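Here the chain labels run A, B and C in written order, and each chain numbers its own residues starting at 1.
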């Protein structure tokens, strides 16, 4: 194979991996939208908050130390060497469940039956709140997150691919990030797990019932509010996974919450209501934007990825206004 | 109803915002401790405030006049920066150091009209080095274009003086700040015969796969970086991932702090960045800082940042401002200086190694002397390298000079354009 | 007691249909306007101008524009930042290309140019709806910002890509550039907001506005009764972009004076203006203003209270401030999901009956 062709494959592969990373964020949106029709603007901040909490527990930071120190004049920083990673993840998860419960109690309960845009706005309030709360709790420094995931390019893959090239041409092998491979595996497990959960458990069936029709679900005795807590907890879990993946790469800091923007084109492409849609959408966006950046970017000066992803999604929407896998829009008078 | 009340209460609060100034020297600190660039803003703001606190605690201020730092949170946002500027300028502000190129651009015309100097050390508008056009703006000791040239000169040193035919890429933050060095690097490429490619990264820069795949394909001999915030750490991580030789990867002085290299772990070992000042905590000044400020519980932050690169940058900026204030007192013969005196002080500022040693920072910064025409300092910089096992930066070169001849021509050109656009007649001085 | 319609007789249709049907309300409004035009300019200082009133007026203008599109026509848009950038850059190019042009014409022309761009990006709305459209307008947002950052012609080939407003005048008085007086820029912006607020009010209760609302409430039904979705949606995009473009032009020229597109007109701006519209009240002119008040003044107010009075550390204050704003958004939505304007309407109803509510 010629190096140019191998380069093409390399870009496609890396695009697929990047796409999976976007899908991880998009999944959280889909889950909540499906079950409650809420476009959860706070998903990115939830990822940040989960990652911050995880690092805080792992390194043994004292929560709100800054605030406590400012009020009482103490000098608190750490309460010890921190928790084991697994324990920290479990505790973080517990906190995310608590968060889901509080959100349901304080916000959602009062906004049942409101228009989608109002609920959307409420999640924005939530996002603001969580942003300030997370900073207040754990401080706004950059934190290093290490949960033992592999990182760096895979040498083995480089060696393997180097033999594929036609004799005599210069080629250094194909690059693939081991962190991306790990993320992909996790995403696959997550999707399979979520699908199995919604297919084979009673709660899962209840979830799907609520997604189909709120009123019908309530009339057969499904508690809407319990379902919401469960859904938000699962979304919190997905946020935690996304936070770990993205945070391992760049360190945990405020910018982590901006990854939500990367998920938006994935969402519209895949449809707001479909879990496979989020995955397929992510893959298409990932490959599309990487190819565009590599082959079109140099012609116009680069950095076109961001808008290209949206343009791509827009082009798909013009053909299918409900996204690739979205529910068909049926309009009646 | 509640809204109305809020508005009224708000109006009152805004009206009276901030207590009236006493006869202190006021140094506003337009800091950012939140937002996407907060992690970088925190150590800088701590260092800036701590140095003034030290002067107050140890020396009783400058020339017997106490110093006051008014901190205002900008979150790296220009609109909030303007709000901060307007709310602090009436308090007798002597000099502004906003630590943001965007806010600096914002303040250049305003501060000039209000007669308050702006000192943007190592950022802001490079052509402000031309004091004939930019009377109130200072950017010593070095600016971005110096940085680009210093980096290239360092590469020349490493390569034994000849970089003809080499490939150098620039990974830059796709904003005004990141685009600054491109012009200079293009000129330098012509002069020294290297091939130059510029690769933009959009804010915030969490995803840089395309950029680094491109670098991996192109195999440039050196990569320069003009990044800020999360972009830095991701770039360093990606460079380590593609096993780019880290000692051939050189960041500007804003891409070389602990925040940027720590997330990449061992992979960041050997990464280089430019330095405007010394690194580490082994300066006599820091002993005083610990004694009078941090251990006394008077620090602006929790003291954990002391000695970090950006903390030192804050201290250095404060040193420059304090020295200028001292100079201003000397020139005007008054204790209570005004912002106009401060401007004279900045313009007459001379930093010598003897003076730096006296301050307790021997060989910390470059020597320079500002003049009426030269507001840009000497344009010297060092190169520092990250040692991942010891988790510290080491200076690996002496002061490296930039290609002043070439830069001066660019400065003249850009400042002339500014002068023409804004009807400024350049001052006549040398 | 003071606010009532008893004894306030209407003798013509015009009187019956006026914006403020109740006399005391009319008085209140005109008194407010008189204060804004005749009293405030004498007391305004730099801080009030640059930190409070200018951002308030300009965001109100942008919110007004977005409200026409989102509130009246039901098309959710997240391209506001991009359209403001079009206004700002159009303004810059006009200012530098025609130095003799007065600022009124510059701002209005910038508005028209933005309207053209808005029409173009409004075309997908004919097919895409709801949140899908919102995210599709993000394509406009990212593309426009990228374009202004990339092509040097837009910023006259300056070294760093920043644009700086030169001094331009209205009736010989400088309203842009560094040496403006606070009252001049304030009055300039206020005039625009007042005039175009009035235009918006009358547009939205005329034929055009009714066709927008018909599309918003149910587009298929509207189509059946003869409202052309093409014309209604595109006109909403056009008019809305016109307002947003003027807001962008003033944001750049009168308020900040120097702009960098990635920083000033990023996605955050689009969200901020959308938040204003929703918090203020969708489909309400007053709501646009209240939303701007809430999201522009409240942070400044909270900051001044916490830092200025209570003497908190700035970072602590910033964190608490953003938490409070988030909490207040949720609180107001729970109290009144239809925005602050609705809250005001309810208050008025109560006032009308006071002190005998039954």
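Quick note on the criterion: a residue touches a chain if its C-beta (ideal position, glycine included) is under 8 Å from a C-beta of that chain, and two chains touch if they have at least 3 such contacts.
Since the structure is predicted, the reported quantities are computational estimates derived from the model, not experimental observations.
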Problem set entry | Farthest-lying chain, centroid of Cα atoms versus that of chain C | B
For this session: Name whichever of B-C and A-B has more C-beta pairs touching across its two chains.
Result: B-C
Seminar exercise, completed: Per the C-alpha centroid definition, the whole-Å distance linking chain A and chain C comes out as 33
Seminar exercise, completed: Separation of the C-alpha centres, chain B versus chain C, in whole Å, is 36
Exercise. So which bits of chain C are touching at least two other chains?
Worked result: 146, 313, 315, 318-319, 322
Problem set entry | Sequence positions of chain A contacting 2 or more other chains | 66, 135, 140, 301, 303, 306
Exercise. Do you know which chain B residues sit against two or more other chains?
Worked result: 33-34, 38, 42, 174, 202
Problem set entry | Sites on chain B touched by chain A in the complex | 33-36, 38-39, 42, 174, 198-202, 204-207, 209-210, 213-214, 216-217, 219, 229-230, 233-234, 237, 240-243, 259, 262-263, 265, 267, 297, 302, 304
For this session: Can you check the complex and tell me which residues of chain C touch chain B?
Result: 46-48, 50-52, 55, 96, 146, 149, 158-162, 164, 166-167, 177-179, 256-260, 262-264, 266, 290, 293-294, 297-298, 300-301, 303-305, 307-309, 313-315, 317-319, 322, 340, 343-344, 347
For this session: Quick one: which bits of chain A touch chain C in the complex? Just the residue numbers, please.
Result: 39, 66-67, 70, 106-107, 110-111, 114-118, 120-122, 124-133, 135-136, 140, 261, 264-265, 267-268, 272, 300-301, 303-304, 306-307, 310-311, 313-314, 317-318, 321-323, 329, 331, 333
For this session: Going by the contact rule at the top, pick out the chain B residues touching chain C in the complex.
Result: 1, 3, 6-7, 9-10, 13-14, 16-19, 31, 33-34, 38, 42, 71-73, 75, 77-79, 82-83, 86-87, 89-90, 101-102, 105-106, 108-110, 112-113, 125-127, 174-177, 179-180, 183, 202-203, 410, 414, 417-418, 421-423
For this session: Under the touch definition given earlier, write down the residues of chain A that touch chain B in their complex.
Result: 7, 10-11, 14-15, 17-18, 21, 66, 69, 73, 75, 77, 135, 140-142, 144-146, 151-153, 172, 175, 177, 246, 249-251, 253-256, 258-259, 262, 289-290, 293-294, 297, 301-303, 305-306
